[in-house]
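To keep things clear, I will list the structure first and then write my remarks on it.
All chains are identified by letter, namely A, B, C, D, E and F, in their written order; residue positions are counted from 1 within each chain.
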Amino acid sequence: MTDKTEFAGQRIVIINPNSTQAVTDGIDEAVESLRFADGPSIDCITLTEGPPGIECQRHADSVVDPLCDLITREDNSANAFVIACFGDPGLHSARETTAKPVIGIAESSYAAALQLGELFGVLAILDNSARRQRRYVCQLGLADRYVGSLPVGLGVTQLEGEAVAERMIKVGRDLINRQGADVLIMGCAGMARHRAQVEHALGVPVIDPSQAGTVQAIAAVRLGYTAPKSPRPN
Amino acid sequence: MTDKTEFAGQRIVIINPNSTQAVTDGIDEAVESLRFADGPSIDCITLTEGPPGIECQRHADSVVDPLCDLITREDNSANAFVIACFGDPGLHSARETTAKPVIGIAESSYAAALQLGELFGVLAILDNSARRQRRYVCQLGLADRYVGSLPVGLGVTQLEGEAVAERMIKVGRDLINRQGADVLIMGCAGMARHRAQVEHALGVPVIDPSQAGTVQAIAAVRLGYTAPKSPRPN
Amino acid sequence: MTDKTEFAGQRIVIINPNSTQAVTDGIDEAVESLRFADGPSIDCITLTEGPPGIECQRHADSVVDPLCDLITREDNSANAFVIACFGDPGLHSARETTAKPVIGIAESSYAAALQLGELFGVLAILDNSARRQRRYVCQLGLADRYVGSLPVGLGVTQLEGEAVAERMIKVGRDLINRQGADVLIMGCAGMARHRAQVEHALGVPVIDPSQAGTVQAIAAVRLGYTAPKSPRPN
Amino acid sequence: MTDKTEFAGQRIVIINPNSTQAVTDGIDEAVESLRFADGPSIDCITLTEGPPGIECQRHADSVVDPLCDLITREDNSANAFVIACFGDPGLHSARETTAKPVIGIAESSYAAALQLGELFGVLAILDNSARRQRRYVCQLGLADRYVGSLPVGLGVTQLEGEAVAERMIKVGRDLINRQGADVLIMGCAGMARHRAQVEHALGVPVIDPSQAGTVQAIAAVRLGYTAPKSPRPN
Amino acid sequence: MTDKTEFAGQRIVIINPNSTQAVTDGIDEAVESLRFADGPSIDCITLTEGPPGIECQRHADSVVDPLCDLITREDNSANAFVIACFGDPGLHSARETTAKPVIGIAESSYAAALQLGELFGVLAILDNSARRQRRYVCQLGLADRYVGSLPVGLGVTQLEGEAVAERMIKVGRDLINRQGADVLIMGCAGMARHRAQVEHALGVPVIDPSQAGTVQAIAAVRLGYTAPKSPRPN
Amino acid sequence: MTDKTEFAGQRIVIINPNSTQAVTDGIDEAVESLRFADGPSIDCITLTEGPPGIECQRHADSVVDPLCDLITREDNSANAFVIACFGDPGLHSARETTAKPVIGIAESSYAAALQLGELFGVLAILDNSARRQRRYVCQLGLADRYVGSLPVGLGVTQLEGEAVAERMIKVGRDLINRQGADVLIMGCAGMARHRAQVEHALGVPVIDPSQAGTVQAIAAVRLGYTAPKSPRPN
């Protein structure tokens, strides 16, 4: 039997790269079901230097430096990092910054979707998010399983309230009925609180990206994968 | 905060579809690090009707009926099933048999590999396994991330002993240096005991499929994804 | 000139893996135009152990063992086998069972479609068949030529009668007009009798899978291709 | 039972678009095994206007007009045409010229290869043929099953003699052992006489393109597929 | 600093392979903005042997010989050739005919589109053009960026007049709104005069293929790329 | 005839995002052949805030903000921007920052390569650059034309001197002979001075990315393509 003392005190740090605390709180709540008595602690941190929501590429690129700085500050007390924004901003820069595993929640969501259905679609926040998501899915080589992204038409800070879930359900229905998806991904960490309602209404698996990323973080710290070779200048 | 009483008594059943108890024992040991005090129990069961090793398509097809029968017998006391053979035998039949999540360890391994590197390769047992794996990777739409499978040239029941790890390391080196892999998957549940040694020698992440499948099973029972619509005759 | 005495007495065995004799009879009639005076005899056999129709993955997997047993019994008196179910159940197991050529009618239909148009679509029986077909087309690496499968919504034993042809025509029209297909495949051996009517109504080539598979069987026995290396455990 | 009187007098015309009669003779011999007592007659015609061998794109393009003229002249007495050059010169122009089926032997060879192995390679005549073949395989959407083409380094009129077979075997071995092919295609109609020897030496299926095209022509005339909609100016 | 005397007297020859002078005139006008005081001269020539419009594959194949003859005649006084028909007729034959760069305007348009948006669509003239375009896009390996071609339903000689632009705008709107294109290509050199109006109405980049090809020709003569190895018989 | 007064005073700004003036000087020299008497002026600017060389993802991400600030400052006096680093750092952020065309030199190089050969390879600076390039090629959907990237093993500031060209030639030979490339791209703007020598030695087209990007910038300013819809938050 494995000696589990090596796991004592493990800590996963989830970073919300936008500065909206309500989003961080939603993530924190969503990952509660992944906290175990003798499992890694899971701390959710707001990147205060970030914009209220990451809604364009410029926003995404602008958080990389403070995000990496935060990782450096937390590096001694963390066993894995999760970047909790669906654009995976700074993912590869972060992986150069620390030898600890760094998980991108979009990457993890796509990997999870492959196991929950044949064809996945994404509930995007805005129209331009859909364009970025297509580029990323292609980069990951997963285009054959992707039916597309459809925007709900709301920014990151507009994702609270019952009307939001209704819009997500409507857009999700289009992804299922018109585009053929049989599994959906919520394309923003700020949508976390709507997962149960949307999934119940649509009858297909709905993936919350922060949950998917945290699952991978737990796997990383418990299974101890060798960190990929650092792609820093060599 | 989530009320976790709903998780009490959850149980994951891992089925080794070959009849070799040593393989089941290796799996049981490998997933120990994924057992949590208040997490789901994880039971490993040997399919006694299976052949000593699943080494060709005929073997794989022959276990589907007893495998599904076992699932039916365990259905009332299980929350998720893991089919612990790298060919994912009977995966879609099993998903028609139970409404509980059924995880295929090859599918989960490929999904895990996507998050641990750019290009994955598989340590196959035999030459014909490599052919089946290529077909499956193509079916999953993941060919752009796959460098190929190389056989170590040993059957399922020949996977014990130090010499095996040495062969795996040699073949793994070819996958890395000649074919460009930066993450490896062990292509048989019976290789579980060699993971640490192979990973240490090669310096890249090495995925044990039973571990990868169990991670997904834990996610399934804790996050409660809606089961995909049953594809039974409708 | 080739000495054709080597071809004397050649026999192709077509196996209908479901137990519905009417389906076997329809196949027998459909391949009549491929019988030549001095060509191979073509015998159609019903797998009595099979279910009335193969309508889900569990059905498909369940026929593999009796199918392979039948092949073994017929092996001495057959020169090639055709598995006449559009799911190609047991295809690779059968290829391990005999050194004779084994043809899968779905595989042959897709190959035929490539030569008859730019983009093919499939008339599936049920919604879940469509999902299995997509997986198989991807496995074969043919997704770029595939517009999709649409179900006619009838089981294998419901495929007789004029109303069936009407439904097939309606669904075929959607595959052509909405999805862009210019060649269609009938996704069940039990649809054989409707080919002429559907093709006439739609004005595009319509492939009967049993016919497509038998063409390939004739090629195999007359051209004498080396059997692929057996992928049995080595 | 089908009334076969409709098949009486059917005739397949195979056109060798180069002017080398020895190539036509080789094709004629190769398709002998596909002649049946009550099957279609199969006539092989040399395009006298063609160059001695089609060895570059300019050659291929130059034969289209005389090839289409020949088809027009034969149209009343033919039920199907086979263009017996591995570049499929003029295939789509020919399909606009006649309402009868027109078969390209490269297209048919690729379709046949899909059914005889997992990965196919092509024995090309010259280095520049390999480049054209790659473009064509990509056009057909079959790149995932193609390991590549390797030249034997001989022109169309240099393909007679024992030494040729030896070179083909050597190149074929590279396609199998280095590039992973398990089925080979002879990339020139002029290689027909070497098939048996090469296949015997290599132990994998070897496809003669003229044979593959003729199989498809027989299927076309016996199964009576609706001709694809003419893509002439509309 | 580069000594630019080497560029003196450079001349680009644009060949319109159809015999309609109005099309040549439209091209000439369209490339005016690419003429520089000390840049290459750009001459537009009509292939008088061509048909009034190239509207099917037979047309395309029929111009190859006279096109190559024209190239041979102009070879001493040209530094680059542009084949100004969206089917790129004779492109590879022409590249075998001269050591000078030969540009295909379809190839250049697709390359330009990659830099102006995420997903491109083509305004085709006729329905059969759309089929040929799909084949070509696949051959070039660009299918992942292509949403399809839609016909405006007019032949090459019917492309003058205000009503044409209206139809192009209507079809372009479908490519954008229904198929997701964010950049359009005009699929005929004869559409040149409508570019400004169509682009203004639709608000996305619209590529005139003759302009795109001429840009590449200027690059070729000013940057002096080594000609690709001639694929003539070797 | 087009009134060319609209082109008067056009200016292209090429930004070298690293702070090494020698690299900027090399770019300036390389684009000299694209300067015309009455064409756009082409100014090369060094981003003084950048690192000496952009050699990892962190470097690339770190220049986005100052790069966008520079674009904002130059916006009133520029008609197009070229980001002259082969990683295309900040490309999409820059496109959100200005309504003027922004060209990425890697994107333009890949587009150019498609027109100069069948299969392209990249001369990378470092091993980790090769990994980033693969991701980007996949994102662009061009993997079918890409044979890979091989590192010359030198950083951005080590690219001066005769020995560098020798190494590039050696690596280029591997890309051609072992991996099948017939066109090469220099994977760093700092390699500009070696193009002539490398191309002469290898006999295939070699693309300098700054030249390729500038060609596209000239096309953009002379042809006046509508700017893509800004993907700013909407």
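Just so it is clear, contacts are C-beta pairs under 8 Å (C-beta built on N, C-alpha and C of every residue); 3 or more make two chains touch, one makes a residue touch a chain.
Source: prediction; values computed, not measured.
**Q** Relative to chain C, which chain's C-alpha centre is the most remote?
**A** Centre of mass proxy via C-alpha means gives F as farthest from chain C.
**Q** Provide the C-alpha centroid distance between chain A and chain C, rounded to the nearest whole angstrom.
**A** 44
**Q** How many Å are there between the centre of chain A and the centre of chain F, using C-alpha atoms for each centre?
**A** 32
**Q** Mark out which residues of chain B touch at least two other chains, giving numbers and ranges.
**A** 131, 135, 138, 140-141, 143-144, 182
**Q** Between which chains does touch occur?
**A** A-B, A-C, A-E, A-F, B-C, B-D, B-F, C-D, C-E, D-E, D-F, E-F
**Q** Could you pull out which chain D residues touch chain E in their complex?
**A** Those in contact with chain E are residues 55-62, 64-65, 68, 90, 92-93, 95-97, 126-128, 131-132, 135-136, 138-141, 143, 155, 231-234.
**Q** What does chain A use to touch chain B in their complex?
**A** The touching residues are 1-2, 4, 7, 29, 32-34, 36-39, 103, 107-108, 110-112, 114-117, 140-142, 144-145, 182-183, 199-200, 203-208, 211-212, 215-216, 218-219, 222-223, 225-229.
**Q** Which residues of chain C touch chain E in their complex?
**A** Per the touch definition, chain C meets chain E at residues 118, 144, 180.
**Q** Within the complex, which stretch of chain D touches chain F?
**A** Residue list for chain D touching chain F: 131, 134-135, 138, 143, 148.
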